[in-house]
Structure formats: C-alpha cells, structure tokens
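Should a chain be cited, it is by its letter among A, B, C and D, assigned in written order, with residues numbered from 1 in that chain.
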C-alpha cells in the first residue's frame, strides 16, 4: 500500500469514526451528572469494610480478580521484554565509559534517592487510606533507584541492583497475590474474597482486611517489574554492542 | 456545551493519536502516539465518573457522607491501566529495538519495502 | 470556585499554555527548559488545588511531582547532553521566577496551615521543588559536562 | 462549579496531545510526552481522581521519558555503527 492510498484509507475511516464518536457523545450520561449507581454502591460497600480509600477497595477487594488480570498483563509484558532484549550471540558487552557528573547533581541525586525510596514506601503503605497504593508507590520506588544512574553512572547502579533478585521478587509478589486469593478459598469462601482478616478500625494502617496485603504484593510486583524492564533497556542502550559494529 | 466538552476532548485526543500512528515515519514516534491514544481513554473514563461539586472518595481526611463523591469504579479502572500501559509501552519499544536490530531501520515504509 | 482554585486556573492557563508552546516549538534548548518549567509550575498548582478543594491528602501528588519532576529533567539532561552541548540553554530569569513563585505558594500555604504535620509535609515539598528545579536547570545548562575539568 | 478550571485543564491536555503527535522527532516527542503526563495529572486532580493523577505522575514524569530516550539512543547508536562499517 502506498502512502497516498494509506492516507485516503485513514481519511475515510477516520472521518467515519469521528462522526460516530461525536454522535455518541450526547448519548453518554451528561458530564458532572448526579447518577452514579455503581459508584454509590461501591462507596457504601467500601465503608462497610472499613477501607478509607474507596479506590483501593475496588482494586484490591471488590474487583480484585480484575487486578489479577492486570497483574498477568504486567508479568507477561515483563517476560516479553526480557526475552526480546536479551544479549544475542553476535553481540558483546562493552564497559560503559564513566560519566562525568557535576557535583551539585551528584549531591542532589544522593540526597533525593533515600527520600524518594521512603516516599514510594509511604505511598504503598498508605494505599488503603490516602491517594496512592501499590501501583503508584512501586513505580516511584523503582524510579528512585535509577537516580543512581543519573547522579553517578551505570556501574554504580549495577552494584546495588542484583537483577536476579528482582526477577525472583517479581515472581514472588505475583504468587503472593495468588496465595492470598487461594487463602480465601481455603477459608471456605470464594477466590480473593476479603474474609480472611478482621476489617480493623476505620482509617488506620491495618484496616480493610486483605486489602493491605494485596496492595503490598502489587507494590512489590510493580517495583520489581519496572527495575527489570529498565535494566534491560539500560543494558541495550549503554552496554550491549554489535560485535562487528566497532 | 459543558456537558459534552470532556467527551469531545477525549475523542479529539484519540483521533489525533490514531492519525499520528498511521502517518508516522518512525516506530518510536508511533509508540509515543499510542501513549497519546491511551490517555484519551483515561480522560473519557474519568469524565464519565465526574459529579458536579464532588470530591474524591478517599475518606482519610473528610468525614464519609459529608460531601458528595465522584465515581470510584472508573478511577480504579484508569489507575491500574496507567501503570500496566507503561509496561506495555516498554514491550512495544523492545519490539522496535528488535526490528531495528534485524532490519537496520525503524521507518515503517522502508520496512514494508523490505518485505516486498 | 474560591481564591485558591482561581489562582490555580490563572497559573494553569498562562504558565501551562506558555510551556506547551515552548516545548512544542523552537530549538532543543528551549524545549528542555520548558519541560523543566512545566513540572515546577504544576507542583505549586497542585498545592493550590489541594488547599482550594480542602483536601490535605492531595498534597501527596505535589510531593511525588516535586521528587520525580526533576528526575525526568535529569533524564533529558543526561541523554541529550551531546545535543545540548552546542547551545547550552539558559533561561535564568524564567527559572528563578518560577522558583520564587513555588516558594511563595509554599510559604503562604504554610502560614494558612499553621504548625503541625501538614506544614512539615509542605516544607519538604517546597524544599524538594526549589532545589530540584535549580539543580535540574543547572544540569541542563551543562552540569553534566561541567566536572570533566575538575 | 469549578467549570473554568476543568475547561482550562481539558484544553491544555488537548493542545499537548496535538503537539505530541505533531512533533515528529522522537527525542523531542519524549519531551512533549513528559509535559503531557504532567498536564494529565493536573486534569485528573481537577476531576477529583488523585489516585489516577498520582499514577500518571509516577509513570509520565520519569519512567516513560526514560524508556523512550533509551530506545532512541539504542536505535541511533546502531544506525551510527552501521554507517561506520559501511
């Protein structure tokens, strides 16, 4: 297909899609409307289970099975990336040149690194109370680790990042989620049903039954997944070269 | 107008992203455009869940029942997808790197010429 | 709509519009500076919104942005260092203006919050915001290659 | 109620998304995408979804730009290396 044909197909298809989408807009519930039947029920149910953050309650309790699906996608895409970006036979590793980083940047990175790690843990730990949770906190903590690459150089990062450990952590966190789900089954209720632990006192760290457990498992899973992903990309961009290329 | 403006913005973002993917001359740019398309879905979902004068259904600092709250279901859907979408972006970028290794180019037009 | 959200709207319309324009057009140097300014403008906006909506828990967003925004800019400073070497971007006036704006917002909000846990969080956010903004703009202006000589 | 704020945030996101598509060089597009991530986070806060905003900030401000820039660097380096051997 030539470029011109492709543009015409795009123009026709795009115009049709645009017309349909715009026609559908007035049929949606009006923006800012007061009827949210599912939302009201979810809030009610979440308060009954002593979970202050309703969104965490949806993710890790009322629709925890959906989150298992998301976990699967996350896990699969990490495996896919690791397989795609492995070192092939015609490639070799070249030690990266040590980077010259100015002193203010280095100091900033070394001061912010622990603060960012702590913030990541805080966001995970308070997931069932305030905005945040495993998904966000995991990414923050994993990104924080890469301040070492930005503030020092790649070798400094490699020293504190035994990649095998993070791969194991990834798998452990995913199975931790499943085990918590099966525990509900053993307890005589349904898979991933939040009946295992007492619901606790509203708005405290230990409230919400299994929500904090699943939240922590997701936090670990996401953090390990991001570290493994970025490690593969950094390897490719910084270290691995084609053998004949240089 | 206000009752459909957010939906129209979501439609605009989605169509712009699609245009970018189809006309892209660089696969990395196309992956970036796909990220733009993804953000359209978040805008649409959150716009559906919004309630005038509402606040977030997070009761760590407000008394339950004291203020109207927005819909938490759509927020939960969007929230997980933001992070999972980023890892899928990473998978696509890994594919692009693989394509560049195998064929030495990331221009989709040159790639289709290679295939014949 | 109250004073806080009105201020946030004004800053978002003017500053946000300017940074989008700056990041989408012009030479590479201007674009990276606009990206840095966008995070350091959005952070005070988020603080103002948290105050305007009466939700102290929204401050977490500003905290995370103050932490990770400069990290994003450092990514660009590191990986675009070769391209930026030719014309090091220096938007000193705009950078300091935004830093002063951020500090002002934090101080005003601290005065409103009064001493306590909320104030500590605000001060940490403000310190990270201003320090991150200045370090990131320094890195953009050639900080990565600066130490090769010493 | 907060209509002007919502409208401004929506228009900002729309402008940013358009710019992200219109900028064709992947490195420069990564810069626009970083700004788009921040604008989206502000929009989500305005729509009272701080959890989603936090997610978007965590992903959009540093992770996605880093992934994109590393891919660009890898692809560039290969193309440059190929040029040298020819």
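The definition used in the following text is that a residue touches a chain if its C-beta (ideal position, glycine included) is under 8 Å from a C-beta of that chain, and two chains touch if they have at least 3 such contacts.
Every value quoted in this text rests on a predicted model; they were computed, and no experiment measured them.
A.B. asks: Across the interfaces C-D and B-C, which one involves more C-beta pairs in contact?
C.D. replies: C-D
A.B. asks: Quick one: report the Å distance separating chain A from chain D, using the average Cα coordinate of each chain.
C.D. replies: 17
A.B. asks: When the centre of a chain is set as the mean of its C-alpha atoms, what distance in Å lies between chain B and chain C?
C.D. replies: Averaging C-alpha atoms per chain gives centres 24 Å apart.
A.B. asks: Centre to centre, by mean C-alpha position, how many angstrom separate chain B and chain D?
C.D. replies: Whole-Å distance between the two chain centres: 10.
A.B. asks: Of all the residues in chain C, which ones touch at least 2 other chains?
C.D. replies: Chain C, residues with two or more chain partners: 53, 55, 57-58, 60-61, 64, 68, 71, 75.
A.B. asks: Which positions in chain D are in touch with at least two other chains?
C.D. replies: 1, 22, 30, 48, 50-51, 53-55, 57-59, 62-63, 66-67, 70-74, 78, 82
A.B. asks: If I count partner chains per residue in chain A, which residues reach a count of at least 2?
C.D. replies: 53, 55, 123, 130-133, 135-136, 139-140, 143, 146, 226, 229, 233, 236, 242
A.B. asks: How would one label the connectivity among the chains shown: line, ring, star, complete, or other?
C.D. replies: Per interface graph, the chains form a complete graph.
A.B. asks: For the complex, which residues does chain D have touching chain C?
C.D. replies: Spelled out, the residues of chain D in touch with chain C are 1-2, 4-5, 8-9, 12, 15-16, 19, 22-23, 27-28, 30-32, 34-35, 38-39, 41-42, 45-46, 48, 50, 53-54, 57-58, 61-62, 65-66, 69-70, 72-73.
A.B. asks: Over in the complex, which chain A residues touch chain C? Could you list them?
C.D. replies: Residues 99-105, 108-109, 112, 115-116, 119, 123, 130-132, 136, 140, 143-144, 146-147, 149-151 of chain A touch chain C in their complex.
A.B. asks: Using the touch definition up top, name the residues of chain D that touch chain A in the complex.
C.D. replies: 50-51, 53-55, 57-59, 62-63, 66-67, 70-71, 73-74, 77-78, 81-82, 84-85
A.B. asks: What residues of chain D sit close enough to touch chain B in their complex?
C.D. replies: Residues 1, 3, 6-7, 10-11, 13-14, 17-18, 20-22, 24-26, 29-30, 33, 36, 40, 43-44, 47-52, 55-56, 58-59, 63-64, 67-68, 71-72, 74-75, 78-79, 82 of chain D touch chain B in their complex.
A.B. asks: Under the touch definition given earlier, write down the residues of chain A that touch chain B in their complex.
C.D. replies: Residues in contact with chain B: 1, 3, 6-7, 10, 14, 17-18, 21-22, 25-26, 28-34, 36, 38-39, 42-43, 46-47, 52-55, 57-59, 63, 66-67, 70, 73-74, 77-78, 80-81, 84-85, 88, 126, 129-131, 133, 135-136, 138-139, 202-203, 222, 225-226, 229, 232-233, 236, 242.
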